[in-house]
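Some notes on the structure that comes next.
Chain nomenclature is as follows: A, B, C, D, E and F, assigned in order of appearance, with residue numbering initiated at 1 for each chain independently.
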């Protein structure tokens, strides 16, 4: 049994791309405790595998995901039977663990592409907001469902969505909890493309992943790290960080490789990153 | 006479929604000293009234607002007859008071929806940029008028508009002061909808407010507070704040209420917040 | 020989507007060492000339710019023949100098308008991202070319582009390095207008510059400084800075000037800023 | 009856200095609801009175202050009889109001000098941490009392004390809640001086206030604003803010006044700030 | 075999306090790969054990710690035999893992008290800078040893020490790498106390831990979290976070408990936090 | 004539250390326009000379410096004869240029050690606050003189001093403008040592510089850059920057060099940084 066997996800390898598919189709891939521990565990393993260069995130069955499994709410109710200050402390810690499961997407060195079909609601929005790119099939629909059940979304939607799309639109979606379709999601910039069918959806996502996998994985990791840094800092700070990053990471090998390939009218091939354990400290 | 009687605004109650209407129609709702003191005063009172769940901001007469009343400029000229360093200090304090009148919109715990018709220029742009959502009728038009009278807008446009719409477009509008119509405002994301007529405008704004008023007012306040926090902080900080917020504010009552209503195929009804004075310290 | 004579740029004066044109057409205006030193030198001189009120940035020949001149890569390769820690330190310093050449666009007190035709790739994207506004002719095309040659862009694209256009789109363009045309650039908000021909492009850019030059140069400088400040700070900080700025810079002269001109149905004329050397310390 | 008559404070005028004395001596100046509303109200009035140039904060009776009045805890207990999410929301709002009462000290344009004798515990530490300077008589003693009653101090001690004294020492005092004497408070930098007796204490504080009152009130306000800004920002930001501040506020009048007085071997006399209402907008 | 058995640390329980002792005395507790993985692993386990309320960090043998084990440097040399850009990437990741081992001290909900004897150099300074309090015996000595071996300290000293003691002194110690004794360390505020002997050292540290363990563990966790937050944010942000924290965590139970104990002249006893697993999501 | 010949400074070379001595002794080294342009020019040249490893800043004649030359105030008065908004803009730019002259000290890659005798007042405090270390002879005295002439110090004192010494003490010194002696400056941590005589002062400063010059200049530059970064950022950001820095800059050469020297009981010798021009872009 492989480390990549998972109680929640189906893990498929397509060359340098890995497809992580939520695999609880009978429950619309509702997010169980297993989901929350498996997602960061798998991403950590893939991050450490230098042959992985991109991840595509999909869902088995009719829907991408219906969000948090309802059983969670009974657990919360049970928790608050106890001393309320200590319960609040335990609750905060748990919310942070859930948030961290999605931040693992951001922490990964490779792009994570969400390929969405059917429902993507509640926790699903939190999750895709942490991805690097998002594609959907025409039947996909979305809702910041949390407000409809009396709560403020707390695992990333309010933090990341208004930094991806217009904050004015994000606010309206968060306050009203209204359902919106793939077409609107494309128009507001949440999606970068909409495919006609689900089959095409996964193909398009894998093709995008393949394109990215052909680039230098070191440069891709640099872009991802610096985009995240720049989102959260002013421009002067971002420039300084970028210069400091490339001072260490930009070396002539990849450049020369690319230039020579271009002159030879060939595709450049870029070496993988070093394997885990190349530095024993 | 009620506390809500105002020398500048007409205050109308529609169930949990309050309509604040600028009421100096003969002067295009030009912003007088009364405007600047009444707006924060009224918002403070409404914020303290736990039965209020949304506010719609409108203008009486032909125009939403023509911005700052011209008399202000003569006052500035008079001020600078005095010792210029001390005048500058007094001027800075006044600008901050004016800014604060619009920040009161942001500080309110409920969404404020601007419903715009006719002219919305100068200070009007500063004001609607501080609102949570914006609708307009097709005849509305807009201009960052300040540059046309030789000044940089200083009560919020330059700070909030580029965080609502594309900063590149915001810059062009700020530098040129050109007039733009409702249609363009919709396209660039400043508006979330444009209605055919003024009548429909107020109806649409009240309907949106009503929809929001049916949600948990505690969750709505949480969304508003966290959207504002996240706009001004990095994602990691925003997540921490969100977790800390919900650790205290997310309790099973609203959740259970919503789930049970859903199972009974009914609309959930969410209790108001606690009344002012429920904690005497 | 004038200080404004340049080994890389053609400098043309159109009243208060200056056109800076990259002038190495036979090499697609590839960025040589001269480019990197001349750009900030010229902008510094123009900034100190109080009669300059706007700059238009263009390229001679077939293309706006193909980005970094290839000779740079051989220099990097030579550098890393030396002790690698010290080479990294020297490399970081150089990257920061190159970044600073584009930040000089931001530091200038007047708007800089990019007028783009043909290719605008690699360093070209970094450059136009630092401009205040961008126009292009219909034949223009763009690519974040760096990833195609195995590197993460390091002179500003990753820092500024996602604060100009949707970060989700910016990410996709940065990861894939795909070419995109003027039409798409307009749709995603990178451009504020696309003209039919190159001739019209320069005309349109100069007309925009002329419009801005007719405004108060003090107010324009205030808008530019405050837009930059607000991009990199939270709203509360931005408001405070704005109030402190206008406390010193907003004086009745320009206001009265504008109001009187309006009453006389004339265009107001605003005086230049003070000349360099008006304060000898 | 004057606006300055107060149900909690004794307000005494000494030329340009105002002494605010907590006046509930029989209860060790325990902080009642009146305290929390009167403190910001009075500081606001004094701030608007341009003839006030410094404030000294003292306590009547045996102690400076024993901190929060115990009745507050019963109110909190009563609050949490209600729906716990809404109670938490109301509680947060109240804590912010209390915090704001001390932030009013920071917001005032003039220095506030705490003159401490006897006990200064709990809320007393929060309060003096917001002051600009602190003196004590030898009998004074201090404790971050909150931890001894099972809570984390929440009205400013944890935020301001570690930015005044060594964070390592502040942590130890916060975790242990141990009592420390004036002598130690002086050694760790919390106090700038310790006097032998209480009489000398008030004299010393008033003398310090008098010294400051003889300076330019505009320059003093500039120092206070910029120290606060710089505490909360990086150096580059602080310098920019300072330059922008003095661009508006530093005018030759005060400088010339000072230089001429120096040449004439006299004390310069600096004019008050402008009166409230010098700018009607 | 218990989870707390460790290849590097000796773990001893003293009621609610746990003593973690580095246990490689023959090598001056040089930091091996085991050290770096065991420290965060153990702290994570202790954090999850609600009966733990404080940790004391000590060293077996003659010295607290001599810092990084020298074998690390050979590993770094081996790493850089490989492609230098990818090696730099791997190296950055490793440095961040090492940093994270010390940040685990900060992340723990309870105070960690360092009790230092003999040498505390290099990585030792990085480690104690992340602790909440520091005690030493008179024979202890310290040095920011990294500069003496040609490197800038990179696991926390440069980030945390200047926020604990005077930045001017921290700079001098970092540039010169000079050795300084317990007495000086006390004077500059790095230590909160110096004991005569090593026996007294551990006794004093355990006594301090015991005192803290008698407080409400919820309040202690709140103090620790808010001190860390406030160190890294401005005062306004810190106050908001504090209010939001206590809105959820401050409940009447601990307060009433403390007040009743005080009235009965007894020590209050505060319940532990809730056990791991009290919330199953 | 050498580039290092200067109209204001005497430049002396002591091996890898350069002594920059203010050389307008008859006017107490009052800061003239030449001072403000020469200081950054010289520091830039020294920074580009890879054989320079430390700078000592001294003053010729009786005093270190009396601060700003009085002629500046007449220039300011003349400036404000002109349109006040434009004058304010010009004044802000000038203040920023002056600030930048001291920031050049911070930007230099090597430590700058101030060696102070006699008066160090006004601009002198701004200057030494930007230095890395400060020594003084026993006769030195200090004052934040600006408040005594009716202004808030604006070239760095209010920004840097409270991040070097206790902010509470810095505030008192800034508000009162009182003179304080070397002994007090030592006690409050502004100085790291006080020498008996002026001769010993320069010797001590040069000896400290020599000690630092024997270290790896790459590591010293890394310490300086990271101390500055960490001062202005939170700990998490500081750690990330440090890891990214050392990923590129920490290479085995210096480490191995140091370890081998230690084993041979010799002083390690560290190579200079690479010369300017080692990278031609």
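Here is the rule we go by: contacts are C-beta pairs under 8 Å (C-beta built on N, C-alpha and C of every residue); 3 or more make two chains touch, one makes a residue touch a chain.
In this text, all values refer to a predicted model and were calculated from it rather than measured experimentally.
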item: Numbering shared by both copies at the subunit C-subunit A contact, with half separating same from different; value: different
item: Rotation, 0 to 180 degrees and nearest 5, that superposes subunit B on copy subunit F via CA atoms; value: 180
item: Distance between the centres, which are taken as Cα means, of subunit B and subunit A, whole angstrom; value: 34
item: Centroid spacing, where centroids are CA-atom means, of subunit B and subunit E in whole angstrom; value: 47
item: Sites on subunit C at which at least two other chains make contact; value: 76, 80, 84, 88-89, 91-92, 163, 218, 231, 233, 236, 240, 244-245, 247-251, 254
item: Contact footprint of subunit D on subunit F as seen in their complex; value: 70, 73, 76-77, 80, 88-89, 91-92, 95-96, 99, 103, 106, 146-154, 156, 158-160, 162-163, 166-172, 174-177, 231-233
item: For the subunit B and subunit F complex, residues of the former touching the latter; value: 80, 84, 236
item: Residues on subunit B engaged by subunit E in the complex (per definition of touch); value: 229, 233, 237, 240-241, 244-245, 247-249
item: Residues of subunit F that touch subunit E when the two form their complex; value: 111, 132-134, 163-165, 189-190, 192, 208, 211-212, 215-216, 218-220, 222-223, 226-227, 230-231, 234-236, 238-240, 242-252, 254-259, 262, 268, 270
item: Complex interface listing, subunit C residues touching subunit F; value: 33, 36, 72, 75-76, 78-79, 82-92, 94, 98, 218, 221, 248-251, 253-254, 271, 273-274, 278-281
